[in-house]
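Note that the chains take the letters A, B, C, D, E and F in the order they are written out, and that residue 1 is the start of every chain.
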Amino acid sequence: MCLAIPAEIVALHPGERALVSLDGVTKEISVALLDGVAVGDYVVVHVGHALARIDPEEARRTLDLLAEAAALTAEGAA
Amino acid sequence: MTAPRPTPPSGGRVEMIHGAGGKAMAELIASIFAPALANPYLAQGNDQAALPIPAGGRLVFSTDGAVVSPLFFPGGDIGKLAVNGTVNDLAMAGATPLYLSTSFIIEEGFPLADLDRIARSIGAAARAAGVAVVTGDTKVVERGKADGLFIATAGIGVVPAGLELSGDRARPGDRVILSGSVGDHGVAILSQRENLSFATDLESDCAALVPLVAAMVAAAGPALRLMRDPTRGGLAATLNELARQSGVGMALEEAAIPVKPAVSAVCELLGLDPLTIANEGKLVAVVAPEAAETLLAAMRAHPLGAAAAIVGTVVEDPRRLVRMRTAFGGERIVDWLAGEQLPRIC
Amino acid sequence: MKYVDEFRDGGLARGLAATIAAEAEPGRTYRLMEFCGGHTHAIARYGLEDLLPQAVRLIHGPGCPVCVLPVERIDAAIALARRPGITLCSYGDLLRVPGSGGTSLLKAKAAGADVRMVYSTLDAVAIAQREPERTVVFLAIGFETTTPASAVALEQAEAAGLGNFALICNHVLTPPAMRAILAGADGLAADLDGVIGPAHVSTVIGAEAYDFCAAEFATPLVVAGFEPLDLLQAVLMLVRQINRGEARIETQYRRAVTPGGNRKAQALVERWFEPRGAFAWRGLGSLPASGLKLRPAFARFDAEARFDLAPRPVADPPACECGAILRGRKRPEECRLFGTGCTPDHPVGACMVSAEGACAARWSYGRFRAAPAGQAVPA
Amino acid sequence: MTAPRPTPPSGGRVEMIHGAGGKAMAELIASIFAPALANPYLAQGNDQAALPIPAGGRLVFSTDGAVVSPLFFPGGDIGKLAVNGTVNDLAMAGATPLYLSTSFIIEEGFPLADLDRIARSIGAAARAAGVAVVTGDTKVVERGKADGLFIATAGIGVVPAGLELSGDRARPGDRVILSGSVGDHGVAILSQRENLSFATDLESDCAALVPLVAAMVAAAGPALRLMRDPTRGGLAATLNELARQSGVGMALEEAAIPVKPAVSAVCELLGLDPLTIANEGKLVAVVAPEAAETLLAAMRAHPLGAAAAIVGTVVEDPRRLVRMRTAFGGERIVDWLAGEQLPRIC
Amino acid sequence: MKYVDEFRDGGLARGLAATIAAEAEPGRTYRLMEFCGGHTHAIARYGLEDLLPQAVRLIHGPGCPVCVLPVERIDAAIALARRPGITLCSYGDLLRVPGSGGTSLLKAKAAGADVRMVYSTLDAVAIAQREPERTVVFLAIGFETTTPASAVALEQAEAAGLGNFALICNHVLTPPAMRAILAGADGLAADLDGVIGPAHVSTVIGAEAYDFCAAEFATPLVVAGFEPLDLLQAVLMLVRQINRGEARIETQYRRAVTPGGNRKAQALVERWFEPRGAFAWRGLGSLPASGLKLRPAFARFDAEARFDLAPRPVADPPACECGAILRGRKRPEECRLFGTGCTPDHPVGACMVSAEGACAARWSYGRFRAAPAGQAVPA
Amino acid sequence: MCLAIPAEIVALHPGERALVSLDGVTKEISVALLDGVAVGDYVVVHVGHALARIDPEEARRTLDLLAEAAALTAEGAA
């Protein structure tokens, strides 16, 4: 039910709507729940609404932590 | 695509009288179906076609009803789908498809120009598959009693003596080969549904698998256990059917199953599993392990099998489960679809 | 898919799993509840149990809004859908949910009711605009993730002056349910060492909403994304907290979740909805202030008020162990109906209803795993 | 009628999921179609049936779509009609029908009990006609996109070498024989239409003509030129088709054409011509004059031909007109139906 | 069928034919017009021409209400049928009639208009009662036979207080059309020796309605039943009058026709309808007081008033000879479109439209008969 | 269009309706246009309405005249 997926804003449409792209698949969604959405932003899309903006910096940091944790043991490093 | 023919009717619509068995029906058939499907058997002009009996082997007989919505979709239309739906079911038995019948159920008001376009698509698909549409039937139902057009096809093929492919022949140790990416047809159809409103370049894979099958039979011979086309219910349903029919389990490798990025993306957007989505130009083969690589090579050498892959192994399992090692490293069951509601896709 | 594929890397997963295994202390069991059905689904879909050490036990929580919706509310929606002139719209997940006597919205549709699947709340508003002669009722369901979408639909219906649009509000709240589980609502204490907090709910309500877990129940909680690496990382974070004897609220899913959440969404929800005195959850019973309803000022959009829906409580099926399962006290295999009387095709209890339910996920994705001792494995 | 079988589903309805290619569809097939139609070829359980090739002669292939409304009518139902519609088209070529396929297009919400009843009717009709339903397909479409149920059948038969019946073989001097009264089926269907609201005891003549045809072929041998079943469009359409196809005219005797009183009465009430009304268990044969009486005697000896009559003669006519001496003494043309709107009858 | 089969006896027919042949005076031609399409149809269906001597020439009159309905009134009905919310009902005969530009009510139906065939006027009233959300318009057509059925429907609609039922009145009157033909409306005198008067029209209006034929035009008229023996007997009666130089109104169809007709039906028609100033007939042009309309007091049932239908006159097809044929001056075969450009499948003119039309009956039942000299026989 | 056929009244129904029979085929029609219709009467049925009563006496007389006229010539008598 809480299925949501990050997608890139590729165009802003009138009426608080935007076109998002997910690997080339495009879909019009509502961005009424987010202020200041811009083309190039990644947003979390849930039942046709953008719920949250993805913070690229935080994403990078999380991946760094992941890689670090995965490398802690011999198996992970293999 | 075909020889010159009378200009297709434009602007007109199918009326009840076109199904009433009189002159209007005869004219509809003469102006639309006859030129699009022309062949000597159809030209006999009777309510049935008389055909030479093929020499040797066994007859193979199958039918499919095409009820797809929308009728025209990227990569095909209901006519092409109706032909290939039956042709592929024949080919899955290793048969050479020879003859098709077409039964049209048309909703009053259907545009004649669309009917003409679909008839020509049937003709083209039949020629591509090497079959002749030799007999047919046309009914018209009142507006509101159908969804534009339904087409039921039936087909006759012949399989050479000695080639016995059947869903109950998978044995533990056999390899499971998939001829290409899954989900293309279903997602292409979904992309046309207004209420889902997404856009993709993806096209249906709708195709006749006849030449691929010929290459496979030539390459693997009796080592080929069975083939089946994963249409409605997708790969998941087909593998579960086969597991049930053969009394075996299956062990799949998720990473080996080709899925196009657009199909993955749509599935993520809509919460669908690509393994449950319909294909119309793919097949699953089960083959004895020693012939698997030979068969795979033969398939990859053919355009319809260019992305073929060994996706799993048949295993012993009294519970007949289809299991899958996920790309992530875990394991899970690949079950039949329990009840997701997809638009009509075939 | 950016921000997706990176978090599904099987290589990193193996490393992370090894680290978790290495850090899990010998002889100890880590009982971690993933509250959210999205997590339950991801665990099953990626076979995460195979990657985790025996010591880590994942317990499926009540975070599937479809599963926990009480039968009487389905019954009421079906009854409404059957009325002439009514078009009932809802998300696909809800249409198959069985009501009393083996019925469902899909069966009602087959029998002639105008029931339509929509992808978004806004599709329902569009239907109401396109078909003014129909009264369009949106059967709203979902946690805090989904409620803002309902609020946006109501905003649009209000702006368009639609008189033929209404909503049945079944929106529920995460914190009260979590509190009930941690408190042991039926007198039994929850036997949990940590909680994996919801991903998308938290984008809306913010991580601060879970402070009570640590403060009141001394239970650590990590808000985690729905991708499998997110989950593994959250498990590692919880194992580490537990090893250290800590009970803090952490966020693994920092790329989308902030401490305060989506204030705009919160304000919209606040405008349209208010808490109910109590709301019944399948498997958990009635929980105070755990559900939302439309504010009285918006009664014209409230299908419950407009159509005099009075759901008549229906008891949960007696043999169903959902309550114990949703509290982490039993596993699906320990229910004697699991896979026999109760399957996703013919669900009996709440947990078998949606693909995100604990029993359904176990059955559909994981039933090949060894059955508990003394119990036959269902075919 | 058949061996004991699981109690038919009661109260349930067909849902979209029954057509989705998953477990619900498999269960529908297993609980309703499999027991009703049981035979070893169907039991192969594949998407196609593999069949022995008949020895000698030619194959005959035909299809028919059944879209009748109402689905149940006096003397039959859509299942019986779907079987006999195709079986008779095979028989008209002198073929022994062997195998049928069935393609079901079912509207969401269709009562399972009705589906079960129709499946059993198909089974009974197939057994009566000596054919096996060996393969099938099931689709479900949304409520409002069909009219309860459509069934397309296709059939394979075999005709012995030397027997060549075709619509182009009528020659001046040949006799036209009709196997019985006309209009029974169409009027029985009309009697069920609410908006026409008349009542009669009449039953549809829906029947498989196979045994009658066998007797006819035995009696007339190569003197038999052709046969055709006057279904949609009635006797008028069939004779005009044959005249056109053979390039001849026909001279009929109205007094010789059997019409039941109830059929005449309904036609008078509604302003219809019995010669344009559908039949589903009648045939027209054209036979060389010297064999006409022998053939007629053979037909009359069979219950399906008890009321058979020589109704006319093939004549030379470059305009290919079907003319009729009226019972009153004058002469008129029997033309194709120009456009009367009848309810759907087949 | 009692009162039917007795009048279809082929044996009696041969005798009657012989008597007619015997009584027809040598060298003389008896030009008899059957006014009514029912007679035209019976003549064709039974092949009566084969039974009559050369001397008797049957001329098909304009008594097919479908044939003579002007195109503009079909156009108006089609336009109305296409409006949303309108359900247009009519008798089957009318639905195929071509309007302008190759359209028809059936084609409009195929294209989505809600057009329904009814058997009786009362079926249309029943639809209006059953489907209150639709506005049901009955496209009424017919001579005096059929008008009372429309009046009964209006009585029922009034009694039921139906606000969603209306009628387009195309009812026409027999005597004015007959008068126009006998008078030679376009300045040419009709070249008729006698008239076969309508069967069922006369059950309603009575035989006295034709007195003017004898009185004003010195033309004998015999009201005849529709069965073939009725027709032959009427021909004999006319031959005898002509031989004697008489011009009287006789009734052959005495079993159903009285001098005064059906007074109850007349009164009902009188209550609801009044004559129009003039009404256009395809092939004949505008004829004074030859059509009916609803009385102004019943405007609420009058679709022409309610929906502002203003039929825009459409000229008859230029090559069509219907006018001459309906006056007995030409035979169908003498039209150069007959069977080539104009057939029952694709009718051009009025007489080819209905099975009762002169050209259609000739084509469908009688085209095997010799074509006139100098003209190829169409295949 | 003026198609009509004689049928026998076999039952009177409420609301000025009656059941007629034509060679065993029965149909409900309106008798609103005829007063005093009785079971056994034959009426002329047109678009679902009884338009006129058949007079058996007149019918017999017409048939007598027909037979007489048909017998006038040698061919008719044959």
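One rule holds in what follows: contacts are C-beta pairs under 8 Å (C-beta built on N, C-alpha and C of every residue); 3 or more make two chains touch, one makes a residue touch a chain.
Nothing here was measured: the structure is a model prediction, and the numbers come from that model.
> Higher C-beta contact count, B-C or B-E?
Most C-beta pairs in contact, of the two: B-C.
> When the centre of a chain is set as the mean of its C-alpha atoms, what distance in Å lies between chain A and chain C?
A distance of 21 Å separates the two centres.
> Centre to centre, by mean C-alpha position, how many angstrom separate chain A and chain B?
For chain A versus chain B, the centre distance works out to 37 Å.
> Report the inter-centroid distance (CA atoms only) between chain C and chain D in whole Å.
56
> Counting only residues that touch at least 2 other chains, which ones in chain A make the list?
Residues 3, 5, 22-23 of chain A touch two or more partner chains.
> Hey, what residues on chain B touch two or more of the other chains?
Touching at least two other chains: 16-17, 23-24, 197, 261, 264-265, 268, 338-341.
> Mind pulling the residue numbers of chain C that touch at least two other chains?
1, 4, 13-14, 106, 119, 123, 345
> Who touches whom among the chains?
Touching chain pairs, listed by label, come out as A-B, A-C, B-C, B-D, B-E, C-D, D-E, D-F, E-F.
> Chain A touches which residues of chain B in the complex?
197-201, 261-262, 264-266, 268-269, 271
> For the complex, which residues does chain D have touching chain E?
Listed in rising order, the residues are 195-197, 255, 261, 264-265, 268, 270, 318-321, 323, 325-333, 335, 338-341.
> How about chain D: which of its residues touch chain C in the complex?
Counting only chain D, the residues touching chain C are 13-17, 23-24, 108-109, 143.
> Mind listing the chain E positions that touch chain B in their complex?
Contacts found on chain E: 106-107, 109-112, 345.
> Quick check on the complex: what are the chain B residues that touch chain D?
16-17, 19-26, 44-54, 56-65, 67, 69, 89-90, 92-93, 95, 99, 101-105, 134-139, 141-142, 144-147, 150, 152, 154, 156-159, 164, 166-168, 228-229, 231-234, 237, 241, 245, 278, 336-342, 344, 346
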